[in-house]
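In what comes next, chain A is part of two complexes: it sits with chain B in the first one and with chain C in the second one.
Now for the complex of A and B:
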């Protein structure tokens, strides 16, 4: 636990469990939320498009954090679960003309169902065996999509959607979509903080730390492992639904193992077992990718002798792969741990950190 | 489609030969896994990296054919030692998730490095086996699959002998069973792990030669690694000879699914079959057919 500011103590369980403990924290949180919703006013459309993408990905990564970071169930199929959400959402929107506030939760449900199906083997197996079943999910998923009747998921062509509508508002620009995406993201992340500090989260942590001991303590392993997959995949499904409305096109090749690997990379860089870590990791990796995307044309222009744009994009793989390897070897607790140290140092300054 | 008995035999033998090749990639996994409970998901990328090295060596006019083979083997051994020393050795004693995830990181890293060194685009892979098909009686085989399958058979027998009968191989088997016990018997665990990685990478380069013979070399070929996963899990993660049988089961199943089920399912069944089999194995018998059942104590 991070150290609290001096003079803060609790007289009841409720105050101990509260999100914020001091007026400063409350003010900072409020200021942050105001800043978040004022982003389109401050920055241009380009930045907002980046934020949109990062926010969608962060929902999926927070879900992965719950499955992998809290419940300890390694999941290399998050991208397939996200794809399932996107396809269910798109299919309902195209075939039945349902509004987005039905299709996106339905996408979440679709993701959760797929998550449960591939999570059930978790009862008998763990570690890399489990990673294998989720990889199998990742490989079987596009086959399911491609070979269903074309009306359902669009087959090899994919599905195109109309923009989301709410009354008179049409979410068809980056700015309007920003408010939709960021509202959903804030709600989902708030829920995630609650899930992991409540009964469910504690049971999951017990399962992660030692599942046999947890079972002896009376935690029903089967239901909590399944629940971990269901919740994580539901987050992915909702992210997929937002993705469908953001890109307005879904195809099976948008949800490959490659992206699942990126999501795992994000929770490693951010720190396992922390919702904040998932968000930090997403921002860090998405930020690096965006910087490389912006830098690549500039570098090609100024240093044409080194190589074409392909070279610089290949660089993203080296950076992500390298970041994962370095973080696992040197800082397995991730950016979140560094952030805690920084915060504690700030609080106890000028004394050296603990 | 009319049914001919000779087709049945042709698909069977095709399946067996392809299965033997899967078994070789699976062996690369298994040998590395045994050395230190390391499941190397980057195996497909190792195959591709070696394929690019082979392409460079065999297309160079200066290097004669025999030297290219020797250099390939040396490069494979060095790659294996390097990966072991700098990436997996710091993780000895770490939880299993760290090892899975670092292998995922390695996967991305090798992809990136390969793209940076060789760039994108297709290139023709050297034709090491002759291109004309092998015809025996009424059966027709692609020559790379035919010769590859036969060489695989020798590799499998050789490795079984190596790990079961020779002093050097028995050391690796001891390390596979228990690091602490092996260490206390005077076997260097880290050197054994290095050796295992060397064997793994050499097997990977053999797989690259057989699978890509005379075909277009692109980065997509890394899926070979994923193809071998069902074989590995069916065999059990520790079993050398199990890979042999599991490879044949998966190869033959895939071949028959492609011939008789694909027309009914629009081409999906032969691709999905190995993974469905894998899921079934994981649920019914997680340790595979020949794997070691691990009893967990708290």
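Now for the complex of A and C:
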């Protein structure tokens, strides 16, 4: 429970449950949203492209946070669910010429259906065994794509799609896509905050903490475990839909186990069981990847005698893996915990020692 | 006093003239070429092999043709981790900061992430790999120095059939994997070609895992169909596993592999060339075992001059061809628009002016004629093939082997 400034109290359930409690919080949120949508004015296209990719990934990672962080169901198939969303979205756009505001939600639905299929075993198995089941989703996903009739998902060829359009606006540049991606990301994150603090979220947390006790209390664990997978995979599907419009070509080999593992890494770094943690983890890992991608060629060029390109570029893997290990050892509650400490210290300043 | 002023003025004039003359005669236009590399992903092992040779080749061009034209080509590396998301998010930065006139792609992630946006960005991308059926599309800004993997294998198989097999079809067994659409595409290419060919029959396809423990049962099943060759277009693990399975089963069916899992690469992975005895590989570039062609001599001379540790082989050849294509395109663009006006679009247009001859490509690849029908040259396609005899890799023929017409299989 976050500390509130002296004098802030609630007289109704609505005010207690509101996202923001003080005018300062509302002003900060508004300022943040203005800043977010003004990013293309402030920064160059390179930064915007990074933000675009981070925003797409963050939607998938927020979904994973709901499945794993809130409901406690380990999931190593998030990338496959994202892929299914991308293919469903691309297929509807290519074969039926449907607009993005139908294809992207449909992609989410496609991801959710696949998520449910692989979530059903969660009733009987957990932990390591569930992880293996979700890895199976990752293995089966390319086979599904390649064995469906070519007209559905493009088979081995993949699908190329035209840019998303809304009236006269064509989302075909990094800047225009930024507004589409960031709008969807804001909506999805807002929904995620709502899901986890409502009845569904509380039931998921109960299942995560002790599923037998939850069942005794009347929580239908089959429904909630399946729902956790469905919601998590739906988020991945939405992210896949955005990916499809961003890259404009989808192939089965773009959604690998490697990415699913990284998504788990992102929620570890950000902090399990927190939507904000998922976002912070994504920003941290994607940011680190981008920094290393930029820095490595500079180091190679300016310090050719130190190890050569092999050292600088390969070192990125060590740094990324090392970051996750360091978080597990020194801050297992993730960046979200650090953020909460910093926020509380700011609020109770000048008494930060409290 | 007046005399002193005169001498000072004369001195200043002379110095200024010298500086002006130097700047005029050494007029140099520097152009950047962005380059996707992978030091932290699955192809990290290739990078130390191709880096020194590339460095030598660019140094050679800058000192020879580049000097003539007043152009310096500078490569800017981008470690993509072989990840399309890294390519997609980095590319806008590459465009704005590097301002490349061409991009050297590494593989599928570059094609997937960039092929749709290159026409708008006006930057042509050059690949080193063979093509896949699904990017055999018209008006591409992607240029492939090699036709599809299916083309490369069919060229050799046709030659082998005509020379060694009379009165029946060549029986081909294929070992592949469904983990990547690219591997499935190669098989689709064979299947489609087989329909119209009176000399080739695909007798079986075994789909296997990427890192199999043993392929004995799959090879036993395939061998019942009595194939003349087993084609493997996937990876070196499969070549080694099939070689071991053949040994266990006492079979003598030769393996035909592509460039990335070629005899050299598989022998390198197995640390034993003798394991490859009797196997074949074929591709549309020189195999890199002849050190006397113009390409090998040029690259290795510059390696020596620059004190670089270069290894000449199929990997360095295929990347050299990719880079030579860019260099020759820049030369043609300079001739057309002038050294000072080279842009990505000028390089793109230059790809269609006239054929790139074998001489242009320093004998490392056959003559290529690019058209807007597809990303690779479809005229007079040729391959070279090698095999292993007595533990030594040798050329199957001295000359290039023509590839028959392979119909497009992705509509």
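In the analysis below, the second predicted complex is superposed on the first by the 343 of 354 C-alpha atoms of A that agree within 3 Å, B and C clash if a C-alpha of one lies under 4 Å from a C-alpha of the other, contacts with A are read in each partner's own complex, and residues count from 1 in each chain.
Note that a residue touches a chain if its C-beta (ideal position, glycine included) is under 8 Å from a C-beta of that chain, and two chains touch if they have at least 3 such contacts.
Because the structure is predicted, anything quoted here is derived from the model rather than measured.
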| item | value |
| --- | --- |
| Superposition on chain A - do chain B and chain C clash or fit | clash |
| First (chain B), second (chain C), both or neither touched by A:290 | second |
| Partner chain in contact with A:65 - chain B first, chain C second, else both or neither | neither |
| Touched partner set for A:79, first chain B, second chain C, both or neither | neither |
| Partner chain(s) touched by A:249 [first = chain B, second = chain C, both, neither] | second |
| Which of chain B and chain C A:274 touches, first, second, both or neither | neither |
| Touching partner for A:125 - first (chain B), second (chain C), both, neither | first |
| Partner chain in contact with A:49 - chain B first, chain C second, else both or neither | second |
| Partner chain(s) touched by A:265 [first = chain B, second = chain C, both, neither] | first |
| Which of chain B and chain C A:317 touches, first, second, both or neither | both |
| Residue range of chain C overlapping chain B upon superposition on chain A, of 2-10, 20-28 or 38-46 | 38-46 |
| Common ground on chain A, meaning residues reached by chain C in one complex and by chain B in the other | 143, 146, 308, 310, 314-317 |
| Contact set on chain C toward chain A in their complex | 37-40, 44, 47-48, 51, 76-81, 84-86, 88-93, 95-97, 108-109, 112-113, 115-117, 120, 133-134, 178-182, 184-185, 188, 410 |
| Residue ranges of chain A in contact with chain B within the complex | 68, 72, 74, 76, 120-121, 124-125, 127-129, 131-133, 135-136, 139-140, 143, 146-147, 210, 212-213, 216, 257, 261, 264-265, 268, 272, 307-308, 310-311, 314-325, 328-329, 332 |
| Touch list for chain A against partner chain C, complex | 44-46, 48-50, 52-54, 57, 142-143, 145-146, 155-158, 160, 172, 174, 246-249, 251-254, 259, 286, 289-290, 292-294, 296-297, 300, 308-310, 312-317 |
| Residue numbers on chain B that touch chain A, as the complex places them | 39, 41, 87, 90-91, 94, 96-102, 104-113, 115-116, 119-120, 226, 229, 233, 265-268, 271-272, 275-276, 278-279, 282-283, 286, 296, 298 |
